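Below, chain A partners chain B and then partners chain C, in two separate complexes.
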Partner chain A sequence: MTISPDVATTPQSFGVRLRAMASGPNSFAYLIILPAIVLRLTYSIVPLVQTVWMSFTNRSITNPGQFIGLANYEFLIRDERLIGSLAFTLIYTFVSVALEVVLGLMLALLLMQNLRGRWLSNFIMLLPWVMAPLLAATVWKIMFYEDGGILNAILRDLGMIESPIRWLSDANTARVSVIVVTVWKNVSWCALIFMAGLAALPRELIEAAEVDGANILQRFWFVTLPMLMPTVYLIVMLRGMAEVQTFEQINGLTRGGPGTATETLAVYAYARFFQELRYGYGSAINLLLLLCSVTIGGFFAWRLYRANRSGL
Partner chain B sequence: MAPVKISNALKRYGTVEVLKGVSIDIDEGEFVVLVGPSGCGKSTLLRMVAGLEGISGGTISIGDRVVNDLPPKQRDIAMVFQSYALYPHMTVAENMAFSLRMKRVDKKTADAKVEQAAQMLGLGSLLGRYPRELSGGQRQRVAMGRAVVRNPAVFLFDEPLSNLDAKLRVQMRAEIKDLHQRVKTTTIYVTHDQVEAMTMADTIVVMRDGKIEQMGTPIELFDNPSNIFVAQFIGSPSMNIIEGTLGPKGFVTSDGHVLPAPQSRAVAKSYGIRPEHLVPDPAGIPMEVVIVEPMGSETQLILRLGQSTLTSLVRHRLDVVPGTVMGFSADLSSVHLFDQNGNRCVD
Partner chain C sequence: MHPILQQRLGRSAQYGMLLIVLVMLAFPIYYMVITSLKPPGEAYRLPPTLWPLNPTVDGYPFVMRAWNYLRTLLNTVLVAGGAAAGATLLGGLAAYGFSRMTFVGKSALYSALVATVAIPGMVTLGPVFIAYNELGLLDTHIGLILIFMSDGIPFAFLTLFAYFRSIPRELDEAAWIDGAGLFSTLFRIIFPIAMPAFAVTFLLLFIAGWNEFLYAFTLTVTPETRLLTVRLFEIPVRADANTTPYDLIAAGGVLILLPLIPLLVRVQKQLVQGILAGAVKG
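Presenting the complex of A and B:
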C-alpha cells in the first residue's frame, strides 16, 4: 500500500473546501444550518462593524456623519464624566461580583447540607434571580423610599435611626444601595452554580482530607476551594461580563444619580446615544464597554480553560 | 501498629440493615482481607473502621481505645481509596506531606519523611509532578506513600487495584504485600477479587449480605470452605457444584450419573469438585468436551455431564477438539459435600 503525502498535506483553498462541504455527505446538514449562520452573522457581526464605523464619525440625529478619525476616542480620554462612570463601573463590578461569589458560595454550602425544607429554601432563594431586573429595581426603589419605605420604617422601629436614611439620594449610600440590589438579585444564581460545582466534587477527596486530619475549615480551604476554582472562574466570567454592562437595574433605581454617582458605562452610553442622539460618540463608549466586557470574559475564560486542563 | 477489634458491628440505613453483627479480631501487624460480592457490606465495614460512616451498633476498637465516636483524624489510621483520591492541585510531595502539614509537623521533618517514603516506593523522581502527570500505577504508589508517611496504627485499603489493568494489578499486588512485610502495619484490605485475597492475606474474611460467611487463612478457606458460597467464591475458576444425592455407591446426580464420593453420614445434596482436581483419566467418567480454552501452560475445558456443565483445569497442554468424549476422575480427598442448606457436610 502506498500513501501519497500530497493528498494529506496540500493546503486546500477556501473555495475548494466550500465545494467539498457542499458536495460532501454532510451537505444537507450544512444547508439546514445555513439560515441560522446567516442570521447570526447579520445580527451580531453587522451591528458590530456598523458600531466600529460610527465610532469614527460624528454622526448624530442632525448630522449624517463624516469620518473624523480617532476624535471620538481622544474625547473619551478627556471626558471626565466618562472617566467617572468607568471608575464606578469597575468598582461596582468588582464589589458586586466579589460579594456574589462569597455569599453565593456560603449559601451553596449551607443549602448542600441535608436540612429540612431544602426544596422550599431553594425555591425562595431563586425568586430574585427569576425576577425581571426592572421589576426588581422597582420593588427595591419602593423599599428604599425615604418616607414610607419599609427599610427606614424597620430601622426606625428598631430604634437604630432617628432620621431616615437617604438610600438613593445620597451619593455614597446610593452606590452601596445599587450594589446591594445587584447582589441580592444575582447571589442565588451564583449559589445555584456553586451547588452544581460542589455536587460534582469527588466525595473521596474530602474524605481523604478528613482521614488526613484536616478539620472542616482546612478541608474547605485546602481541598474544596481549590477544586472549586473552575466554578469560581465560570461565575466571575459570566457575572463580571454581566455586571460591567449593567443598565436596567441602575436605570430603574437611580438613573445614574444622584448626579452621576451611580452612572455606569452602559447608562452613560445610553444617555449619549439615545438621549443626546450622538451616535458617533455613543458608539465609541459602547466599544469601550465591549472592550471591558471582552477583557473580563477573556481573562476568566482563559483561567477556566487552564484550570480545566490542569485536571481540576 | 495496633490490633483492631470489631465486635458485633451493625450498620443500618433507616430500616435497611447492611451489616448484621460482624465480629473480627485482627492482631497487631496482621493483613486481613475483606472479600465478597458487591453490596456485601465490606466497604461499609472498612469505612466504619475509618470513621467515615457511623456505627449503628457494636464496637470498634483500635489498640486499646473504642473509636466508635472518634472522628477519622483521631483514629490513627491511613486510607488508600479506590480512586486514589489524590489532591489534583497538589504535587506528589504536597499530597504526601498533606497529613503532616495538618498535624503541624515542621517542614524539615515532613520533607525528610516524604523523602523516605518516596525512596521506599520508588517515587523519588516524581515528587514535583502533579497527579495528572502520573500513570495509574504511579498514582497508586503515591496514594500508598501518602498513607505510609504518617506511620499510622492501621492501614485501610478500599479496592485499591480496581482501576488498574490486569498486568499492573499483579505488580501492585506484590508491591503492597512487600510494603506490608517491610512496615508490618496492621492492614485491612477490601476487594471483590478473590485472587487478591488469596495472594495477599494472612486472614481472609468472606462476607455476604452483611454477614461473615467464613474467616480463616487462604488455604483453610480453599481446602475447607464452610459452604457452597465460599467454595465458589474462593478459587479460580470456581468450584464445580453438582446437585444430587449421596448414596451407598457414590453421589448420584439428579440425572442419574454416579460420581465417586467419600462416605458421609450427613445428607449431602451437592457435590463440589475444583476444576484443577477434575483430571483426565481414561478409566474415569466419560464427559463431552464442549469448549477448549488453551491458556499456554494450562488448558481449561468446559465439559458436559448429562444436564450439568463442569470445568476442568488441566495443568498441561491438551490437544483435544470440542465434541470429544473423554474420561475424567477426581481424588476422593478433593471432593466436597454440602447439605441441602449449602453448608459443608460434617461427619
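Presenting the complex of A and C:
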C-alpha cells in the first residue's frame, strides 16, 4: 500500500480530521454519496414530477398536450373501469398480504422446529421466490388449463369436483386464482423474514411464560406475537407496496380478464398509457396508484417506527 | 398417553405438515419440468400424465432457436450483471458515507433516498419511456442498465448501510492513523472486509434484474435487445400446430429458471442471512 505524501507529512489524529469533516460541507462525503442519490432521483423524482404535470394535460402520442386543469381527474371518478380496477387492486392487496403474513408465519414457526433436511427444505422453499413473477404465472397457467389441465384432473381423481373448475375464465374464480399464485410465490419470503424476527426474540421471556404455566397457544398469542409486531409491520409494508402495483402476474395469467375482472390499477394504467398512448389520463391513473402505495408504505413505516421506539 | 409417545407423534405431525407444504411449493415447478420433457402429443393428452411416458428433450432446441437463446442469455447477463454491479458499488459508496461521515443535509438526503421506494415502477416508467424515445436510449442495453441500477440502489444502500454500521469504526481509525487516504481506506480496508455482504447484495440484485419484466418489455423493441423473461411473451409455435404448445412454453420456463439454480445453490446460506440482515436491521 502506498501512503499519499500529503497525509504522511501532516499527521493528524482521526478525531481532528473527523471534526474537520463535521464542521462544514465535506466534498469527499458528497463525492461518494451523490452518484447513488443523483441516479436514483433522476429515475424517481424527476419522472414523478413529469407525471404530475402530464396528469393536468391532455398529452397523447399525437398531441403535445394542453393544460386542461382537473379534467382528467373529473373523468377518473366517473370511469367505471377505473373504479372496478381500484376495488380489485385493494381487495387483491388486502387478501394476498393477509394470507402471506398468516401462512408465512405458520411456515416460519414450522421451520424453526429444528427438523431434519433443512438444506433441502430451504432450497425448495426458495424456488418459487427465485422465479420471475411472469414465469410463475406462466407455469400456473399450464396447470390452470381448464379442459384436462392437471389441477382439474387431480381434483377429479380425488373426488373433490364433478365438473372442471373454470380457473381463469370465471370472474370470481379468476380473482381467487391470481391471489393463489401470488401467495404461492411470496409466502417463502415472508417466512424467511419471520424466521429472522423469531430468531431475534429473547428466549427468556417465552421460557418465563412457560414456567408460569402458559400453554403453547397462550405463549404465542400473549408473548411471541406482541414482540413480533415490528416484523409484521415490516412485511405488511413491503408486501403491501409490492402487491398494490401488481402487473406481471396478472398479465401472465389473465391479462386482466375475463372482461376486466382481474384488472389491477397498474394493468389499467399500462393500457391507457402504453396501448392507447393517452399520456395525460394514464398519468392521472398512475398518481392514484402512487397514492395507494404511499398510503400503505407511510402508514406501516410509521407503525414500525413507533413499535421499534417503544422497545418491542 | 406417554410423554415420549406424545412427543414422537408431535414430531411426526410436524414432518407431515412440512412435507405437504413442500409438495405444494414444489409441484408447479416439477410439473413445468416434466411438461417440458413430454413429446407434443402427450402434452395435450387427457388425462394429463404426472410422469412423461416417452421423455424427450426435443422441445429445447426448438425453443432455443426460436428465442435465439444464447444471444438473449448474453443480453440478460450483461444487463442484469451490469446493473447489479453498478447498484452495489454506488449503493455501497453511499452507505459508507452515511455510516461514517457527517455532512449538511444528511437526514434529508437519507429520507429522499429511502422514500423513493414507495414510488411504483409503473409511475416512473411513462416519463422514462418518453424521455428514452427522445434521447435515443429506447431499445438500448445502456438504457436498461441505468433504470435497473436506479431500481436496485435503495436495496443495496439499505443492506450495506446496516452492514457498515456493524463494522467497528476502529478499523477505519487504524487505517487513518497509519496515514491511508480516504480512497485507500475505502477500497483497500473497508470494501475487502465487506466483500461477503457485497456479494450477496450483487447476487440478489442480479436475480431481480434477471426476473424483471415491466421495464425490459416496455423499453425494448427489437428481438436483438430483448431479455429472457420478455421472451415468455413470445410463445414459439410449431408450423403445423394450432394448439397452445405447453411443452415448448414449459421448456422456455426451464431455460429461464435453470441458469439461476447453481447461483441459488451456491449462495443459499448467505442469501438467507443476507435477506435477514438487510431487511430486519435496515
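What we mean here is this: the second predicted complex is superposed on the first by the 283 of 312 C-alpha atoms of A that agree within 3 Å, B and C clash if a C-alpha of one lies under 4 Å from a C-alpha of the other, contacts with A are read in each partner's own complex, and residues count from 1 in each chain.
Following the convention adopted for this analysis, contacts are C-beta pairs under 8 Å (C-beta built on N, C-alpha and C of every residue); 3 or more make two chains touch, one makes a residue touch a chain.
No experiment lies behind these values; they were computed from the predicted model shown.
K.L.:
What does the overlay on chain A give for chain B and chain C, a clash or a fit?
P.N.:
fit
K.L.:
Can you tell me whether chain B or chain C touches more residues on chain A?
P.N.:
After superposition, C is the partner touching more of chain A.
K.L.:
Go through the superposed model and pick first if A:Ile216 touches only chain B, second if only chain C, both, or neither.
P.N.:
neither
K.L.:
Is A:Gln113 touching the first partner chain B, the second partner chain C, both, or neither of them?
P.N.:
second
K.L.:
Answer with first, second, both or neither: which of chain B and chain C does A:Leu291 touch in the superposed model?
P.N.:
Touch partners of A:Leu291: none, neither chain B nor chain C.
K.L.:
What is the contact status of A:Val102 with respect to chain B (first) and chain C (second): first, second, both, or neither?
P.N.:
A:Val102 sits against neither chain B nor chain C.
K.L.:
Which partner does A:Ile91 reach: the first (chain B), the second (chain C), both, or neither?
P.N.:
neither
K.L.:
Quick one: is A:Ser283 in contact with chain B, with chain C, with both, or with neither? Answer first, second, both or neither.
P.N.:
Only chain C; A:Ser283 stays clear of chain B.
K.L.:
Return first, second, both or neither, reflecting whether A:Leu70 touches chain B, chain C, both chains, or no partner chain.
P.N.:
It touches nothing on chain B or chain C.
K.L.:
Once the two complexes are aligned on their shared chain, state how close chain B comes to chain C by Cα atoms, in whole Å.
P.N.:
Once the two complexes are overlaid, chain B and chain C approach no closer than 8 Å between C-alpha atoms.
K.L.:
Residues of chain A touching chain C in their complex?
P.N.:
Of all residues in chain A, those touching chain C are 1-4, 7-8, 11, 13-14, 17, 21-22, 24-26, 28-30, 32-33, 35-37, 39-48, 50-51, 54, 107, 110-111, 113, 115, 119, 121-128, 130-136, 138-140, 142-143, 145, 147-150, 153, 157, 184, 187-189, 192-193, 195-197, 199-200, 231, 234, 238, 241, 244-245, 247-248, 252, 266, 269-270, 273-274, 279, 282-283, 286-287, 289-290, 293-294, 297-298.
K.L.:
Across the complex, what residues on chain A touch chain B?
P.N.:
202, 204-205, 207-215, 218, 222-223, 226-227, 229, 310-312
K.L.:
Quick one: which bits of chain B touch chain A in the complex? Just the residue numbers, please.
P.N.:
Going through chain B, the ones touching chain A are 50-52, 71-73, 77-79, 81-83, 85, 87-89, 98-99, 102-103, 130-132, 146, 150.
K.L.:
With touch defined as at the start, can you tell me which chain C residues reach chain A in the complex?
P.N.:
Those residues of chain C that touch chain A are 14-15, 17-18, 21-22, 24-26, 28-29, 31-32, 35, 44, 46-48, 50, 90-91, 93-94, 96-98, 101-104, 109, 112-113, 116-131, 146-147, 149-151, 153-154, 157, 172-173, 176-182, 184, 186, 188, 207, 210-214, 218, 229, 232-233, 246, 249-250, 253, 256-257, 260, 264-265, 268, 271-272, 275-276, 279-280.
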